[in-house]
Structure formats: structure tokens, C-alpha cells
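Written below as C-alpha cells is the structure these notes are about.
Lettered A, B, C and D in written order, each chain numbered from 1.
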Amino acid sequence: MLTAMSLRTPDEYRAAVAADGRTLYYRGKRVDDILAEPELRVAVDHAAIDYEVAEQPEHRELAVATNPATGDEYSAYYKVPRSAEDLLQRSKLIELCTSLGGTMVTLIKEIGSDGLFAMLRTLDGESLERALAFAAHCRDNDLAVAVAQTDVKGDRSKAPHQQDDKDMYVHVVAEQEDGIVVRGAKCHTSISANADEIIVFPTRAMGADDADFAVAFAVPANAPGLSMYVSSYSAGERDEWDFPLSSKHKMLETLTVFDDVFVPWDRVFMCREPELAGPLALSFVEYHRFTAVSYKLPLLDLLVGSAALIADMNGVAKAGHIRDKLTHLIIYAETVRALTETAARRARIDGRGIAYPDPMTTNLAKYTFATQYHHALELVQDCAGGLLVTGPGVDDWNNADIRAVLEKYFGAAAPAAERLRVMNLIADLTARDFGGYHAVLAVHAEGSIEAEKMQILRSYDARGPLAYAKRLVGID
Amino acid sequence: MLTAMSLRTPDEYRAAVAADGRTLYYRGKRVDDILAEPELRVAVDHAAIDYEVAEQPEHRELAVATNPATGDEYSAYYKVPRSAEDLLQRSKLIELCTSLGGTMVTLIKEIGSDGLFAMLRTLDGESLERALAFAAHCRDNDLAVAVAQTDVKGDRSKAPHQQDDKDMYVHVVAEQEDGIVVRGAKCHTSISANADEIIVFPTRAMGADDADFAVAFAVPANAPGLSMYVSSYSAGERDEWDFPLSSKHKMLETLTVFDDVFVPWDRVFMCREPELAGPLALSFVEYHRFTAVSYKLPLLDLLVGSAALIADMNGVAKAGHIRDKLTHLIIYAETVRALTETAARRARIDGRGIAYPDPMTTNLAKYTFATQYHHALELVQDCAGGLLVTGPGVDDWNNADIRAVLEKYFGAAAPAAERLRVMNLIADLTARDFGGYHAVLAVHAEGSIEAEKMQILRSYDARGPLAYAKRLVGID
Amino acid sequence: MLTAMSLRTPDEYRAAVAADGRTLYYRGKRVDDILAEPELRVAVDHAAIDYEVAEQPEHRELAVATNPATGDEYSAYYKVPRSAEDLLQRSKLIELCTSLGGTMVTLIKEIGSDGLFAMLRTLDGESLERALAFAAHCRDNDLAVAVAQTDVKGDRSKAPHQQDDKDMYVHVVAEQEDGIVVRGAKCHTSISANADEIIVFPTRAMGADDADFAVAFAVPANAPGLSMYVSSYSAGERDEWDFPLSSKHKMLETLTVFDDVFVPWDRVFMCREPELAGPLALSFVEYHRFTAVSYKLPLLDLLVGSAALIADMNGVAKAGHIRDKLTHLIIYAETVRALTETAARRARIDGRGIAYPDPMTTNLAKYTFATQYHHALELVQDCAGGLLVTGPGVDDWNNADIRAVLEKYFGAAAPAAERLRVMNLIADLTARDFGGYHAVLAVHAEGSIEAEKMQILRSYDARGPLAYAKRLVGID
Amino acid sequence: MLTAMSLRTPDEYRAAVAADGRTLYYRGKRVDDILAEPELRVAVDHAAIDYEVAEQPEHRELAVATNPATGDEYSAYYKVPRSAEDLLQRSKLIELCTSLGGTMVTLIKEIGSDGLFAMLRTLDGESLERALAFAAHCRDNDLAVAVAQTDVKGDRSKAPHQQDDKDMYVHVVAEQEDGIVVRGAKCHTSISANADEIIVFPTRAMGADDADFAVAFAVPANAPGLSMYVSSYSAGERDEWDFPLSSKHKMLETLTVFDDVFVPWDRVFMCREPELAGPLALSFVEYHRFTAVSYKLPLLDLLVGSAALIADMNGVAKAGHIRDKLTHLIIYAETVRALTETAARRARIDGRGIAYPDPMTTNLAKYTFATQYHHALELVQDCAGGLLVTGPGVDDWNNADIRAVLEKYFGAAAPAAERLRVMNLIADLTARDFGGYHAVLAVHAEGSIEAEKMQILRSYDARGPLAYAKRLVGID
């Protein structure tokens, strides 16, 4: 059906990341084919949503972009934003895929394009040319691209070069004629296990002493010397009745170890340029936090929707305190949505014509999301009831005799069959490991709450308010 | 300088509201000329800002509109909004005048035009024609217009017609050939004492039994039978050194009593039409809450600016907890600003081509403002210090011997002369009656916090989130 | 070692609840011997702590009481409180066992004695005599006793007698010469699966029409017609490395179905006495909420302790924002502790000489615990970092090659071996199903947040404050 | 009536502080007789409550202590606490006098005795003997005693000895045979203007370089060289109808300037002993924060009582959201009360047998009070309504014609006469300068919120929680 060279089918994506020789470990064992391991395959199938949308007629307009020069179609994720409208459309696409992903972001094109845009904004000269070429490569081959940024850091009170073990931050071991050799490890690397390519960025601003650590590059996921240790958090196969979300939707995180990995020069975007480390890291974060607040919206909608639905099924939707709790959930969800929208509408266009979301507003949205999330969980759980953690499982439900008991006793303003499903949905979302994953991500992913506060303070222009205060008392 | 017929000078406005025979009481006495009573005159001078901006070259573009048909200039406040951009400009104009007003809204054109727009959206037939004529009258004569809406209400557990004393809600006493006669009282009527005209709206939705109370009309401020009792809250003349804001900026509130006031038919917009009471009241509130969040912005800016300034003057601006508090103030102020902006950008255009701000977003903005205001006061006071309430007064400062002591002992990272002024600014803003006025208004003006929550819940479209929750568990 | 007749060994307890013919279902199957099912046995072993403490020299003083008349020793849980000091000691014993239980309450004597005390306070005449006899039975045989109170409720907008299916509330089906027959189901019944006896109480106040539902009684866990469906929430065997808490500590919840269960008269404490339903339910809640806040203390201590420990291991313990977060956790934990202590110290002694904790203070403690719990989770997760949900599992750790990588890269200010263990502790506590269980219990167990607010308002004596306000303005 | 030498009558107190030659300035002028200046006299009359209670039969038991050795009666404020019970009684006495003082603390014996107890606990040798003698002097002459502690501080980023102007901290200018000479200024000195004696303490811990500033002493209020500049905050005479509280209750704050004041050795408690500055300052704060939370209780009661009363008068007491707000106010008030009580009950007894309240619990109480105060104001204002700031004044009320209008239109579920009085009570308490004074004191008096957090963290014993966390994962 699809004729353009640059759009892959979901199965083409699956085939590309399977059995390509990448070094993957899971639950203590080497995994040769990610598709053959059911607990990992669910993450590949989940990620494939980013490819499926391009094939769905109702989503094509949002998901597919056209190169005006060539007429070629390519994934809209790789379209460099030039306007507020572009950012709004990008946000909608991220929201759509996450919505189809049961509140779990797909991320395999989102984060990579965030990284590419950051390079296009901050690099210059030959580095910029390499980045442009790599961006075209990702776009034209419709690739899944991870970004590995967070170093393992060792002693957090010390700079990279002060660490006892230099490998605590990824660094340049050698420069050769044909490329560089890198060593070290990144942690919390999302979707690397099922990506085609991995972009590596420094985690923070660097000083001159940290030159070796000021390195940015890209490698294919099967690069020699690169090993990925997939987290076993939320391991285990799951039945869909018990776990409506996590049985089908999953994101993999890896400890990503670079053991003297060779990177050819055309894949090296920064090498021993400490003055560039901060700007590149920050520019990536600017895009990535906007991605974050965009992909949080289905999660927020589900908090509202599942709380309203279960309250109704419990027969308590009209109680004053329930209405109050639903209103608070709405206020929370819609404030984040409005701030996300405003971050896009206040788009800034840099000297190269590239648009990026307003940093202060983006951080406002992210901060608001992060600091009210746990309270929102309390409200949803309050609307649902204790049955969230005292209810039956799928084996009970599948036993006809037991099911008859459950149907009799767990019905309320809705039949038990429906009510128990919604209970399980909310338990999965708020009271089991999938919920815990969301909760910890709320606090830490794409920057901590403290980082967001710092960015708000930095990006706020205090001159007007200060001048206003002074004017009112006639000083200055 | 001004040639258009429809723009008055500030002095023309002053002259119009002075000694026109209106029945005004203040501090137990009849006031014949509002300009002759210094404590009231300050409110007239403050309100005149709405006329001054039209004369100021740097503000004319925002403050003056032009009738494309006639080329006549008129106050931009009376421009009927037709687009998101119109609402954004209106918001900016309100913000400007409030900023010039030292955080106190001027309101004499804001609230009246809110009322006019509501009538243009909800009335029909002859009523609409009367409203259009009255709107043209206000615009062409550049009038100051109050809206009296809140009835005194008596026993709040009873509907209007159930009250022991029917006068607890303004109502129609008689219909005559030439007009109607009304009786009752409205409270919390802002700027009525210094307005040209007073629009009267019902305070709530009405049932058929309440037909007599479903009345809307306009009367000049000097209408026979109309008496206004100006609140003595914050009475007393004030020195500018002690009270940088409240010595110059003031809004008057009245108990507005209609003692068989005659209203000719061309000023009657609704008479015994209970089904219209709710829509008209609500439409007014939609505009007026948007006015409210627009005029709160300078207040929020001053909370941020004065806290940052005094922290700097105290020499503690770099302390971690101070930075944290300033960041919280910024988050608060900028979230309200972003929501206000979004309410305008999400403008809805009704079937008549009239724009109004998105109700849910407007209420989100208002709710966010109202529920975090008192905490913001705590943060500002925390940054300032106890000197807010233990410092010297203007008489101390004017005594050269005492001033020498104060200069020696109250300097910090800024000279005492400046630091004490900023302390007084913050005390006026947060810890004296002007501050209390702002705080109570935050909770009650333009609708209570509960009313805002109710409107959020009502205007939220829950269908998407409910459908999403159901889809994820395969029901419906 | 123990000579008293009334103290059982842990193994005697285990033997008593194993294979006694009780009707138990788990994961879709009938379970004949609870000890033979590893996922259930962990709960029996956990509950046995209540017996172990009586054998431990360092805990005997707190855990064992002596009958002054006979010199017999018995479990201190069954000592009827007569003073504030008794309540303080009871609170300490509950705290101790929960602490040994890894933050999970043992409950098998706590809740039963709460129920017994409530009966001793509210019953009269023959009912009281039966209750006294049953209390002696529990004490003298050192029994594990559950309380089943929450009915499944059906349509929550209807009273018991209005339900379409009468079985939605447990009710009397027949009165016979030798006893009564009951039918219906209770949900959220904790520790019933591994208890000796189950006390059944009504869930709420009842009206005259609800007489059939005003029933209280006790049955052995293996009573004919009684079936218990154990919740499969948090099912699955767990390794101790991955799950330091939940691998060893567990509480079972059942749907407890009474299918025409016969109860002899000496086990019937209330039968068709609706006027007693409310007082009995409330008195039980008064004791049980005090039990609740007592058993929450180790959980709160662990939130503080684990956050402080991981912050230290991460090398960030001195950061200002980390200190701030730890301080908030301390304030939370210590406020609940102080309120719990005060609830005991303000003990009320009823006309029978039985002490009960001050209701308002108990509810203050419970409310404070419940409403800040989720925010506390956010703070702990913030101190810990994203590794909570991206880290390795026990199979990784047990692979020597992988362990070497983990040791190299996951060390910080503490070796990886220790840091990863604490991460898993915190993940178990806050971000997996054990954590979700705690979180949902915080909101719902022993009464919802709304119920606590209602009790605070009801038990508050407003007369003093009202009189004070009136006196200050000279009215009344 | 009173025969004991050590108890003065209120008038004896008034006479003692009037026209004794003290150097007092108010509103730019020297005041020779504090009783002759009405705006200051109100503070003297208010403070006299501390003497009145000793004459009131119903309060004598709490207010008067007896020297067991001599049988002499003396003010219970000066009784050195030896037990938890003593601290509870002291708390009750403070609460009583503040309650009689319309929520304003009397303080003239409270703060002085806080200072005396601190000296008795921390001083040694000759210094201790002087302190004992001075304590006996205060007790036996039933004196009003202020404590001046907060230095004006100049540049807060510098230590005392680093200040450009050494006078920014009170310091020793000269040591002479008969005493010392001191210079500098203290700010926020409460009740000094109407005290007999003023104790001076250092404001913070000091290093060796700051020896000159490590000075503690006492001087009579009329000491030569001592000048007091009374703050003009809340200046102006007030009618009792408009201002039910602030017309009768007031506390004076001074800038207290020491211009080479001579202090004889028997009044010098510390001189150039920097190692003692911290312990003395801290010990004073320990007592004084306990005094603070004790005197906050009537204020909290009035927030609850006035909100409940006005809600009832408005006819909205049964509305769900009003009940919710009242419940929150109750939770706030009663949590502070319970923590205050617990701080006393957890009394620590030092090696000298002197009792002091548990520091961590005291700070918990103070922190809880301080951080929820502004939100409580919002809740009270929400219950009251906008009439708080739009209502009539006493001159309106006293005009019979106007009063008739007010009576007609401002009645609700209570007559206007009563409802308006309660509105004015709440306005005085929350929305005018008296309210602002309370609000700023909540944040700053007796130590800032940050200081309280720091003390909580310092006084918390983390060893148990840390050991618990370690034990659960088997480390250490």
C-alpha cells in the first residue's frame, strides 16, 4: 500500500531489531532474539504503534509528512518544526501514539527526533553537517532511535574528571584516523533495546577539565562492544484480564555499557568540546520535556476517565466529595494540557528557522504534572475503593463456579464483569508496578522536579516585575 | 487633541459624576459632591486612568478603537470581540490599566462592557435592540458603567419568591405604560458610586415562581429612588510614604438600594422572563471572570517583583529557600497568565459572530488564582521579614533626628530609604486593609471558589476520557 | 518453656489453621491446606509474629499479660484497656509486631481484640455475657481472630432492605431454637483465611426496616457454609533480593461468603437490633483506627529511614532540597506519631471502666496519615532516583559476569551491592504492588478519608470556640 | 485584697511604666507618658491582663504560685518548671491570658520568664548567680519584662564582626570596673515600651571573632542611653464597632537603640563569651516557641468559632463545602493543640531539674501553625463572604436612617446587628492590619519557618529509622 521508500511497516521494524547481533541481557541471560522472549517482545509490539499509525487512514495526516522537494513521504516525527503549528501537530502526534499505547509512550521516534533537533540547533560547521546527514538517515530509513544521556555518575559530589573511576561518565578513550573509541555506561536508557540507533549525549554542562567527557555520537544498537542490560522491573508475563495495560504495553530500560566502542567520524557530533556540552544537553531537554508533557496527556485523561467511570459504576458519582475529587482531577489534567498547548503556541524560532517550545512554559507544564501526580493517584484510588487491592484474579474469573459468586457479589451500579475490569485497569494504572513506573517517571524522567524549578527560575524574565515594584515606590 | 466625539477627557468624566444629584452616603453622611470628599475622590482619580490611557500616545493603540464605518474613535473597552485576537487585546488593555492603577482594577469600563457583551449574546428581538442601543449610548458617550448583580439574598436556603421580605432580591413592583418600577437592593456593587450608568442583572437562574425577580435594566447613577451606601472599609486618608498603593488607588463598593425606581422601557432588557435569567447571568460571568484574571496579572507580577526586590535588599536573594519561594511565586503567576492567555486563544465564536473566552479555561485560571493567593502572601511575607509590621511611619521618617536613627539601623543591602519604602509597599499589598481587600476579592469576587469549581465540572467534556477508559478494558 | 495454658507457640498456631477443613479458594482453585500453598503460607508465617513475640525475652514484657486472679499468662493483645497507659502499651505492642513484620501489620490479634473491646463497651445483658465468654475463649486459647465488617453493598444509594438482592448485606435468614442462619457476603476481610475465628459486625447504622441486617456473631473459620475467596492481588512467589519486604510479609484479604451459615446462640451477639448496629460499628471503628495509626508508625519510619539512607548512598544527602524533603518526611511521620500518642494519653474511660482512645484525636492522626501518604511517596522516590524502576533483578545479580558490570556501574557513595538492595527496598515499598497495597490501604482501610473527616467534625466540641467568637462581639 | 508583697495590681503596673523617664518615640514625637497617648495606652491596658488574672477568683489557681518556703504568692509565670505538669499549666495560663486578650498575647511576663529560664539552664558560676538574683527580682517585684534579641543585622551575608558598621549587632564597647557599656540596636522588640525591664540576648551562635557581640544583660526600660522607637504600624484610634479586637488589644514593637548604655556587673549575664551565645539563644527559643504555640491557640479557636458562627448566620452552615472548610479549620487548630500538649507531656528535665518542652515536638507545633495559617484565613474568608470588605461602618450604623436600611438588607439567618458585628470581627481578624500583624507574626515571630524546619531536622533522632531500613535489607 505504501510506496514511499522512507516508511517502514511495523513488521519491517520488528525484523530490523530482531536477531541483528545486538548484545542484550535480560534476567541474567543473553537474549539473541528480542522477539523470541515474550516479556521483551511486548515492548517491541508496543513500540510498533509508531509505525502502525502511518498505515491507518484516520491517522495518516498527522503521522506522515511529505518532502515538498521530492514528494517522498516520511514519518512526521522527523519533520523539523518551523512554527508553533508544527509543534502543536507534533504534540498531537505524540499524544495520539501514547493514547493508542495505553498511556505508555512509544518513544522510538519521539526521543530520537528530540535529539536530532537539538543537534540541528546547537552544532556548527562539520558537526552540523554530520548531524544533518544522520538526521536524513534516520528519516529516510524510518528508524527507531534512542537517546542515551544519563551517566551512571558514581560519586555525585564530584565532576566527571574527579571520579575515581573515569568510566562513571562516558568518555573518549582514543581518537583515531577513522573515528573515536568510547567507554563508560549510561543508565535509564529507554527503548534502546528495541531501537535501530542510539544517540549518545553528555548529561550536563562540562568544564575544561572534563573535555574527554564532552562527547556526542551515534551508534547502531548492534555496535561491537556495546552491551545492554534490560531492567527486570515489571518482569513476568501478564494476563490481560488482570493487567489491562501492562500486559500489552511496556517500555524497556537498559544499563547501556560502552566497552571501547568504535565510532566512525561521520557519527561523531562532538568530541572534546566541553563548551558545547551544556547547550546541547539543554537543547535536547527543551524538546524532550515538551515531548514528555505531550505524552502525559493520555495518562491524565485516563486518571480522570477511570475515576469518573468507577465512581459511576460504584453508584457514588453524585456524592459531593466524589464530585469534588473529580473536579480536582480535571483541574490537574486540563492545567497541564493548557500549559502544554501554550508552550507550543509561544514557540520560539531560532536564527536557523527552527522552532522550539517556550522553555519556561514547558517547564511549568512539566512541573505541574510532576508535583501533583501522586495526589492525583490518591484521588483516583479514593473514587475506586479498596477492591483495587482485595479483588479476584483471572483464574477466579475463569472458574465458572467462582465467577458466579463474583458476579453476584461484586456487581454494583454496573455488572461485576465490567466493574472488576475497571478496577483492574485502575489497579494496573495506580497500584501495581506499571503504576509505580509511571509514578517514578513523573518525578524523575526528562529531568527531576528540582531541575524543572531551576529552569523556570532561569528562564523567567524578572525585569518587568522588578521594575514594576520599583516604579510603585519611586526608586530607580 | 482628541477630535472624536466619543472619547471623553479624564476631567470630563470627573465632572460628569460630580454633583449630579446622585444619592450617595459615606460614613454616616450624605455626600453631595464625590470630588469634595477626599476619601472618595481618590477612587474617582483612580478610575480616571481608564480615560487617561486613551490620551497617552504609547497606549492609544491598545486603548482606542475606530469605527470602520464612521471613522469615529471610541474606547476599545466597548469594542465587541469577534476573535481570539480581540480577546487577547482586551485582556492586555485591562492588564495595562490595572498596572497603572497599582494592582487595583479601574473597572469603570471593564465591567460595564462585560455586561453589554453578555446582553448582545443572550437577548433577542426587542430586548436585543434595546441592548444594542444602550451599548451604542455607552460607547458613543464614553461612559463609566457599573453592573449591580449580587442581591442581598436574605435567607440563602430559600428561593427569591420564598423570602419573607420580597425585597431581598431586586424585583419588578409594577409595569406601566412607560416603563417599570423596581425595588430591592444589590450589595458588593463595585464602582457604582463613580459611574455614569448602572446595569442591573439577576444574580442567578430563576424558576417560574421567581418571574418578578427576573429583571434586567439600566439606570443612570442619579436616578430618583436610587441610593448608594459606600462601604467605609479602608476609610481614612493615607500618606503615600506609609501606603504607597492605597493612598492613590481605591475602588468603592456600595449597597445599592432601589426604592421604587422607575425605569423606562428602552432601558428594560428583561422583565419577568425567568428562563433568561440564568443564561444572562452566566454569560456575564463568562466575560467577567476573564476580565478578572486579566486584571489579576499586575497583582501577581507585583507579588513576584516585590518579593524578589526585598529579598535582594535584605541581602538574602541567594539563599536556597528564598530562591525556592521566588520560584513558587513565579510558577503561580505564570500559570495564571498562561491559562488566561489560553482562555482567549481558545475563544469561542457564537452564532452572532461574538467571541467569548473558553469557559473551562477561564475558570481554571480564576480557580488557580483564587486558591493559591493566600499561600503566595505567605511566601512574599516570608521573603520580606517581620519589619513589615514593626517598622516606622512617615512621621518618624519626617523627623530628621529619628530619620538618622532609621537610616543607620534599617539599611541592609540597600539604603533604609529604599528598603523601608519597599517594606511599606509589601505591607500595603499583603498585611493591611488594602491587602485584605485583595485577599477577600481573591476568594469571592466574580464568583466564589465553589462557583468556579462547579463551572469547571460543568464545562468539562468528559466523553473522551470516559470512552478512553472504556476502550482500554473493552466495554461499550 | 512457656507454661501458661493460654499462650500458643507459633507452630501451634500454624497447625490450627492448616487443613482444618475451611473452605478456601485461591487463584481459581480450592486450597485444602494453607501451609501447602507457598504464596499463602508466607502470610501465615508473617502472622505468626504475633506468637513469636511472646516467646522473645526482649518483648515478653510488652507482649504477655498476666491474669492477676489466676496468675495465668495470656497475650497482651487481649488485655482490656483500663487506662491511658494500657492504650499506650497496646499501641507499642502493635508498633513492635508491625515493625518485625516489615511494615505490614500482623493483625491476627489486633483486629479481633478491637472487636471484642467494642462489644464489651456497647452490649448489655445476655449479649454482653456471650461477648465476655467469647472474649475469654479467644484469650484463653490464644486465638487468631478476624473481623468481617464491610458488606459488598450492591447499589450504594440504597439502604440494605432496599437492595434488589438482599444478600448484598449479611443478614439473618432464620431464627431457630439453637441459633440463627445467616447469608450474604463481606469483602476486604483481612487475615480471615489464616484466622481461627471470624467476628461479623454490621457495616453501618441501621434503621428499623433494616432489622434483618443488624446482626453480629462469631464463627470458626471452618464453619460449614462459609467460603473464603482469597484475593490474588500481589500473587506470585518472590525472591528476597528483588522484593525485600513482600517476599516475606503478606496479608490476605478475602471475599467472605456466608451461604446459610448456622450460628449457635452463644455466638450471636446481636440479632435484629438495628438501634445497636451504629454504636457497635462505631465503637469498633474507634478502637480499630487507633490500631491503624499505631501500625502505620513503622511504615512512616521506613519512609524516613529509607529516604535518608538512599540519599546518603547516592551522595546527595547534603543538598538543600534533599534536606528539605527529609524534613518534610520527618514532620509527617512525627506528627502522626504525636497525634497517636495523644489519642492514647487523652484516653476516655467509659462507665464500665473500659478505656478507649480519644475519638477526635484518633481521627486526626488517621486523617493526617491518609492525606499526606502519597505525597510522602513522591518525596521518597525523589530522594531515591529513577533507578527504582530501571535497575537489575536477582537473576542479573546472580550471574557473576553481569554482577561485575553492575558492581562497577551502580556503586555511588555506597557499594552497588548495598545501594541496589536499598533501591529494591524502596521500590517494594513505594513502586510495586506491595507499595500499591499500602497506598490504597492508606486511603481506604479502617475507614475512608471522608469518614475520618466526618468523625472529626462530629466529635469536635464547637461550643467553646462559638462562645468565644460571640463573647468578643458581645452577643448572646 | 492581695497581701503578698510580690503581686502588683494592674494599676500599680500602669503607674510603674508611666512617666518614669523612659525615652519613647511614637509617630515622630517623644512621648513622656505612655498612658497619656491613647494609641499606646491601649497596649498598656491590654498587657495589664497579666495582672488582672491574678485578682480574678476563677483564674487565681492558674495565675498565682506560692513559694513553699515562705508562703509568699507570686505570679505563676515566674515559676520555674520542674515537670511536664508545670509546662502544661504554664501553657494553660498563657492560653488563658491570650484568650482574655482577644487573641493577642499579653507577653509581658511570658517572654521575660522564657528568657530567665533559658539563663537558669545555660549559665554557670557567677553568671548563674546573677541570673538567679535577677529572676528573683522579677518574680518578687512582679515585673513586666521584655526580651530584645533580634539585631538589625545590616548585611545578612556577613558575620557580626564583618559588618561595616559594628553597631549592626549590639556589642560591648567598654568594660569598666563597675560594669560594661553597650551599643547597637535590636528590632522587633515586643512589649519593651511598656515593660519594666529589658533582657538583651544575642541573636545567634557566635564565633571567636564575634566575642564583642556575645553579650547578655538586663536594663530597666528607663536606662540612660536607651531609646525606643515604637512602630506606627496599625496606628490610629479605632471604634469598637468597626474593630472589635484591635480597638482594645494591641502589642507594641520597638526599634530598641542602645547608645552607650551602661550596665552594672550584676545585670551582665554574659560578656565576650561567644561559645555561650548559641546555647543561650537556642535555650531561649526552646521556651519561647512553646510560649508561641500556647498563645496561638485562642487565635486558632477564633478562626474556627468565627467561621462556624458566620456560616450559621449566613444560613449556609449545612452546605457540603462549608462543612468541609470547617472540618479543615478544626483539623488545623486541633493538630496544633495536640502537638503543643505533646511537647509539654514529652517534657525533658535537665541536670538542674529544670523542665523544658520537647524541642522537636515544639517545632512541629510551631511549623504546623505557621505553614497553614494563611490557608486558614482563606477558609474563614470563604465562609464569611465578600461583605467582609464591602460593609458599612460605625458612622453608618449610628445614623438611625441608614441603620434602618442596613437592618433591612443585611439580615440573613441572624439579624444584621449581630451579623455585621461578626463580619467586623472576622475582618479585623483576617482582612485588616490587625489580621496582617497576626499573619506576619505567623511567618516570622519566634523564628521563621526555615528556622523551625532546621530545628526539626536537628532534633530528630534518625538512628532508629536508619537502622530499621538497614535491618530490612540485611546491611550493617
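In this text, contacts are C-beta pairs under 8 Å (C-beta built on N, C-alpha and C of every residue); 3 or more make two chains touch, one makes a residue touch a chain.
Model, not experiment: these values are computed from the prediction.
A.B. asks: What is the shortest path, in steps, from subunit B to subunit D when you may only step between chains that touch?
C.D. replies: Steps on the shortest route: 1.
A.B. asks: Using C-alpha centres only, name the chain that sits farthest from subunit A.
C.D. replies: Chain centre farthest from subunit A's centre: D.
A.B. asks: Centre to centre, by mean C-alpha position, how many angstrom separate subunit A and subunit D?
C.D. replies: 53
A.B. asks: Using mean CA coordinates as chain centres, what's the subunit C-subunit D distance in Å?
C.D. replies: 43
A.B. asks: Hunt down the residues of subunit C that sit against at least two other chains at once, touch-wise.
C.D. replies: 321, 324
A.B. asks: Could you pull out which subunit A residues touch subunit C in their complex?
C.D. replies: Contact set of subunit A toward subunit C: 25, 27-29, 150, 152-157, 165, 167-168, 185, 187-188, 227, 229, 231-236, 242, 253, 255, 257, 314-316, 318, 321, 371, 373-375, 377-378, 381-382, 385-399, 402, 405-406, 408-413, 427, 430-433, 435-437, 439-445, 448-450.
A.B. asks: In their shared complex, at which residues does subunit D touch subunit C?
C.D. replies: Within the complex, subunit D touches subunit C at residues 99, 102, 244-245, 298, 301-302, 304-306, 308-309, 323-324, 326-327, 330-331, 333-335, 338-339, 341-342, 345, 360-361, 364, 367-368, 418, 421-422, 424-425, 453, 456-457, 460, 462, 464-470, 472-475.
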